[in-house]
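Paired with subunit B in one complex and with subunit C in the other, subunit A is shared by the two complexes that follow.
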Partner chain A sequence: MSLSNALLTGDLNQLPGRRDEDWRWTDLRGVIKTAPPRSPIDDRVLAAGPFGSLEGQEILIINGQSSAGLELVIAPDTRQVVRLRLVSTTDGTSHTVAFKVKLGAGAELVLLESHEGLADGYISSVDLDFDLAEGGRLERIVIADDGAHAISVNRSHVVMGPKSSFSQSVLTRGARRQRIETVLVHPGAEAQVEMNGVYLLDGQRHADITTSVEHAGPGGVTRQLTKGVVRDQSRGVFQGRILVDAGADQTEAKMGHHALILSDRAEVDARPELLIHADDVQCAHGNTIGALDEEALFYMCQRGLPEEEARSLLIAAFVDEVVCLIRDSAAQDCTRTWISDARGRT
Partner chain B sequence: MLKIEGLRAEVGGTEILKGLTLEVPTGEVHAIMGPNGAGKSTLSYVLTGRPGYEVTAGSAELDGEDLLALLPNERAAKGMFLSFQYPLEIPGVPALTFIRTALNAQRKARGEADVTAPEFMKLVRLRAGELKMDFDMLKRALNVGFSGGEKKRMEILQMAMLSPRLSILDETDSGLDIDALRIVSEGVNALRGPDRSMLVITHYQRLLDYIRPDRVHVLAGGRIVASGGPELALELEREGYDKYAGAA
Partner chain C sequence: MVAVKKTVQQVENLEKYQHGFVTSIEQDFAPKGLSADTIAFISEKKGEPKWMLDWRMAAYERWLALNEPDWAKVSFPKIDFQDSYYYAAPKERTGPASLDEVDPEILETYAKLGIPLREQEVLAGVIGSPRYAVDAVFDSVSVVTTFKKELAAVGVIFCPMSEAIREHPELVQKYLGTVVPVSDNYYACLNSAVFSDGSFVYIPPGVRCPMELSTYFRINAAESGQFERTLIIADAGSYVSYLEGCTAPMRDENQLHAAVVELVALDDAEIKYSTVQNWYPGDPETGRGGIYNFVTKRADCRGARSKVSWTQVETGSAITWKYPSCILRGEGSVGEFYSIAITNGRQQADTGTKMIHLGANTRSRIISKGISAGRSSNTYRGLVSIHPKAGGARNFTQCDSLLIGKTCAAHTVPYVEARNGSCVLEHEATTTRLSEDQLFYAMQRGFSQEEAVQLLVNGFVKEVLQELPMEFAVEAQKLVAISLEGSVG
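Here is the complex of A and B:
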C-alpha cells in the first residue's frame, strides 16, 4: 500500500489512509479522489536550486523524468558531493520516481537533495534506496520546498554495512500533505546513524516526518533530533520508531522531538516509540511541545527589540540547534539561508 | 526627568499600585525600599510596559513624553532600561548577538546608523573587562546556565552598552556575594551622570552603601508613603517597615 503503487496502477484503493496506523495523521485517501494524469516531460532550463551555490555533480529529475539515469554509484574509497534535484513543474498532474544510491566500501557522499515545487498543486511520490557498504559514509541533507497545495511523499529505505555512517538532516516547510519517511536497518557493528529534522509550517501546510530504525546487531548508535514550528492552521507530525532486536546489545539510541505551537489552530502530533527486545541497551526519548516563552519575549522587547524581531530571533535560535548538527559547513550555510528565506515568505 | 502621578495599576484584576506619585529629576539616583508585596516590582514592570499589567489611572512621563502610550521596545529606545530581578534565559542566542541586535534596534528606532562590528566589539570588550566578566561567556547563549551573580553582571553590561537615560534596578543585589556586589555597584556608579537617572529598588540598605542615592522613598501598599535623604535607608534598616504598615 503506497502512493507510488496507487499512481502507477491507477488503483486508489492502494492509497494509505487514516485507518492505517502508520498513516493515521497523514491521510492520503481523503485528499486524492481521482487518479490524476501523468506529469508531462519538461526539459526547461531551471534556475539554481537551494544548494546551487555549492560545488558538485548535479542530477536533475523533473516531473519524475531524468536524462542522467536513476542510479548513483560511488566507487570504493572515493568522495563525492552530489546535488539531487527533484523538481515538480505542473499543476494537477502526478509523477513517481525510484532512485538508487550505492556507496562502495569506504566511499563518502554528501548528498544535497532538494524537492522543489515550481507549481502549486501536484502529486509527487519519490522512493529512494540507499545501500552503504562497509565503512561507507553518507551525509544526506534534504530541503523539501513543495508547493502549498502539493501532495508529496518521499520514502527512503536504508541498508547499512558494518562501520558505516548515515547522517540525515531534513528541512521542510510542508505541503497540503507531505510525508518524509526514512526506514533504516541498523547492523550495529560500530555503524552510526544520525537523523535530524526541522519543520517550519504555516497556512494549512502539513508535514509528517516519520522514521523507523531497526537495530539488528549489537553495538549500534542512533541519535535523532527533530524540531518544528507550526503557526496558522498548519499541522506537524513526528513519528519516530526505534526497534532494538533481541541480541542487539550495547545499542545506544537517543531520540528528541521538540515543537513550538504559535497559534491556537495549529497542531502537532507526535509519536515516539521505543521497542526494546534486548537487555543491555541505553535508549531514551524526549518530547516537548510548547509556546514561545512570553517572559523571554518581554525581556527582549525591554532591551529594544520590536516584538516581531524578538519572536523571529527566538524561533531561529530554536531550530538552529538542528542546523548546527549538519556536518558539511557549506551545506549548513545553505540551509540557514533557506530557513531564513522560508520564514521571510510566511 | 521621570514624573509619575497618581499611578494606579492592576494585575489579574487586583489593584497593586494605588495612586503612586514620584519624581526622579535628571541626574539623580533614587532608591525605593519597601516590604514584600508593596508593589516595587509592579512599578518597574508598569513603567517598562510588561503585558498583563493594566494601568487604570494616572500618568508616567519621561522628559515630558507619555511612557504609557508606548510599546516596551519604544520605551527602551527612549532610554528606559530595567535590570531584571530574575534575568531571563534566551536559549540559542549568544549574548553578543543579543546585545548588538538590541543596540541596533534602539538606534534604528531613534533614526541613528547601526553600530559597526569593530566599534561594537571594542566597546563590549572594554565594558566586560570593567565588570570582570570572562569574555568567552558572551559567546554563550544569553544567561543560559549562568549563575545568579553572572546574570546580574550581564544585566549591568547590557545597561552599560545601551546607555539608558533612566535605569531601573530591580533588586540587583539579590543573589550577589560581597565581591560581586562591589563590582556590580562600581559598574552602576560608572554610569551615573548629569543626563542619566536611576531608580534603585531594594529590600536592604546594604546596596545603598555602594550606590549612594540622592533620595530614598518608602513604597508601601501601592503608594510612596515617605521620602527622605540617604539617612532614611539607615532608619529603615534599624526599625523595619512596621511603622509604614498602616500608612498605606
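Here is the complex of A and C:
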C-alpha cells in the first residue's frame, strides 16, 4: 500500500488513508479521488535551485524524468558533493521516481536534495534507496519546497554497514499533503545515525515527518531532533519510531520533537514511539507542543524590541537549533537563507 | 532505615500468587455459551425491568455486527465466546439479608483475601485506619455490601448494580451508557449485553463521602467470565474515593474479564478511583492460564472544575488491555492518571490512558511506570488530545519503563494531538534497565541481589504509590515485590 503503487497501477485502493494506523494523520485516500495523468516530459532550462550557489555535481529530475540516470554511485574512499533536484512543473499530473544511492567503503557524500514545485498542484512520489558500505558517510540535506496544492510523498530506505554514518536534515514548508519518511536499519557496530527536521507551515499546508530506526545490532547511537512551527490552519505531523531488537544492547537512542502552535486553528500531531526488546539500553524521547514563551517575549519587549521582531527572533532561534546540527557549513548557510526566505513568504 | 527494613521483610515474605485457591461452593450457572437466551436468563435472574433487557438485547445485536479488535501489542489465541459461562452465582437460599446469612465458605474466602466484610473491621492489620465500605462481588453477583445504612444517612447510595437498576432506575437510566456508549468497542459492547454485578455509587450534591468505598471482585467459577459494570456519579461539589481489588484462582484455562467502569463528575466534584489489579497472571514458565483483562474505564468530567484521578497498580492478568480515560468537558476540569504496570513471566500488558481536552483551561497529568521482567511485554499506549475549544489546556506526561532481564520487552506508544494555539503539552519517556551502579551499591551494603532489586524498584514506582490511599499503598508495595519474584538471577 503506497502512493507510488497507486500511481503506477492506477488502483486508488492502494492509497493509504486515515484507517491505516501509520497514515491516520496523513490521509491520501480522502484527497486523491481520480488517478491523474502522467506528468509530461519537460526539458526546459531551470533557474538555480535552493542549493544552486554551492559547488558540486547536479542531477536534475524533472517530472520524474532524468537524462543522467537514476543511480548515484560513490567510489570507495572518495568524497563528493551532489545536488539532487527533483522538480515538478505541471499542474494536475503525477509522476513517480525511484532513485538509488550507493556509497562504497569509506566513501563520503554530501547530498543536497531539493524538491521544487514550479507548479501549484501535482502529485509526486519519490522513493530513494541508500546503501552505505562499511565506513561510508552520508550527509543528506533535504529542502522540500512543494506547491501549496501538491501531494507529495518522499520515502527513503537506508541500509547501513558497520561504522558508517548517516546524518539527515529535512526542512519543509509542507504541501496540501506531504510526507517525508525515512526508514533505516541501524547495524549498531559503531555506526552513527542523526535525523533532524524542521517544518514551517502556514495557510492550509500539511507536512508529515515520519522516521523509523531499527537497531539491529549492539552499540548503536541514534539522535533525533525535529522542530516545527505551524500557523493559520496548517497541520504538522511527527511520527518517530525507535525499535531496538533483542540483543541490540548498549543502544543509545534519543528523540525530541518540539512544536510551536501560533494559531487556534493550526494542529500538531505527534507519535514518538519506543519499542524495546533489549534491556541494556538508554532510550528516551521528549515531546513538547505549545505557544511562544510569553515570558521570553515580555523580556525582549521590555528590552525595547518591537513585539513582531521579538516573536520573529524567538521563532528563528527555535528552529535554528536544528540548522546548527548540519555539519556542512556551506549547506548550513544555504538552509538558513532558505528558512528566512520561507518565513518571509508567509 | 525503616523503609529498608520493610523492604527486607517483604522480600522474606515473598510467595508465589497467594490468591489462587478455589472456594468449593454450590453455584448456579447460565447455560454455557452466548445467545439471546443467555441474556434473557441473566436479566431474569437479576429481576430486571423490561427497559434493561431491551438495552442488553440492543447491545447484543450491535456486538454481533462488530469485529474483534487486534491492534494492541498482545497476542493470544482466538477466544471462543460460546465456550464460557456468562453467569455464575453462589446458590441463593433467599438472598442474604445480613452478613450472618452469607454462605460461610464465601465469608472465609474473603477472610483469606484479607477483605473486611464485618463493619467493625478495618483493612488487615492497620490500626486506626479509616473505615471502608465494601461491596463484595463473587463471580456474577454481589454477595454483600457493608455500611449501606450509615452511607444512606448522608444520602450516599452504594449498592450492587442489579439493586440500583431495581431501586434507582431514574439514576441508572440517566447515566448508564452515557460515558461508555453501548457500541464503544467490542468488549464494552459485550459487557453491555451480559453484564452482571458491579457497584453503583451516587454521591449527592455537596457531600464528602464519609468513608472510602471499595469493591472486591473475585472470580471463582471455572470456565466463566466476569463482566461487571460499575457506575459512579459524583454530583456537584461532592467527593468520593473508590478502591477496587480483584483476584482469581489458579487455573490452566484462560478466563475473560471484560468490565466497564463509568464515572461522571459534575461541577466541582472529585472522584478518586484506585485499582489494585491482581488477577491470576498464568503460569510464569509455560504461560498457561491466567485472566484476560479487557476493560473499558472512562470518566466524564462534565462539570466545571471537576476532577477525576485514576490510580492503578497492574500486577496480575495474563493479558491486560485497558486505558482508563478522562473526557475533560467541564471548564477547568482536571484529569490525572497514575499507573504502575508490572509484567513478569509471560504476561502481556497494553495499558495507558486517554486525556480528551474539550473544555477551556482543562489540565491533565499522566505518570506511568512500566516494569517488565521474565519473558513479558509491557506497552504504554496513550492519547492526549486537545480540541480547538480547549484554550489554555495543559498536559504533562511522563512514561518510564524499566527492563529487568534480556527476554522482556517495553514499548511506549504515545499519541499527541494539539489543535489549539494556547495549549501547553509536555511529554517525556525513558526506557532503561536497573542501574548497575545502584545495584552494586546496594549489594555492597549487604543486600542480596533480589533485595537490592526490590529497593530500586520501590524507588522507581514511589511517585505512583504515594497517590494510593495509605492501606492500599502498603498492599501494593507488597504486590510489587511478589510480582517481581524470581525475575533476577
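One rule holds in what follows: the second predicted complex is superposed on the first by the 346 of 346 C-alpha atoms of A that agree within 3 Å, B and C clash if a C-alpha of one lies under 4 Å from a C-alpha of the other, contacts with A are read in each partner's own complex, and residues count from 1 in each chain.
Here is the rule we go by: a contact is a pair of C-beta atoms (placed from the backbone, for glycine too) under 8 Å apart; a residue touches a chain by one contact, two chains touch by 3 or more.
This is a predicted model, so every value here is computed, not measured.
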Quiz item: Looking at the overlay, does A:Ala189 come into contact with subunit B only (first), subunit C only (second), both, or neither?
Solution: neither
Quiz item: Of subunit B and subunit C, which one contacts the greater number of residues in subunit A?
Solution: C
Practice problem: For A:Ala35, select first, second, both or neither according to whether it touches subunit B, subunit C, the two together, or no partner. | Solution: neither
Practice problem: Would you sort A:Glu295 into first (subunit B), second (subunit C), both or neither based on which partner it touches? | Solution: first
Quiz item: Should A:Ala317 be classified as contacting the first partner (subunit B), the second (subunit C), both, or neither?
Solution: first
Exercise. Please indicate which partner A:Glu307 is in contact with in the superposed arrangement: first for subunit B, second for subunit C, both, or neither.
Key: first
Quiz item: With the two structures laid over each other on chain A, which partner does A:Leu12 touch: subunit B (first), subunit C (second), both, or neither?
Solution: neither
Self-check item: Intersection of the subunit A residues that touch subunit B with those that touch subunit C
Solution: none
Quiz item: Once bound in the complex, which stretches of subunit B touch subunit A?
Solution: 48-51, 71-73, 75-77, 80-82, 84, 87-93, 98-99, 101-103, 105-106, 109, 141, 158, 162
Practice problem: State the interface residues of subunit A toward subunit C in the complex, per the touch definition above. | Solution: 21, 246, 259, 261-291
Quiz item: So in the complex, which bits of subunit C are touching subunit A?
Solution: 71, 388, 391, 401, 403-433
Quiz prompt | Touch list for subunit A against partner subunit B, complex | solution = 293-296, 298-307, 309, 313-314, 316-318, 320-321
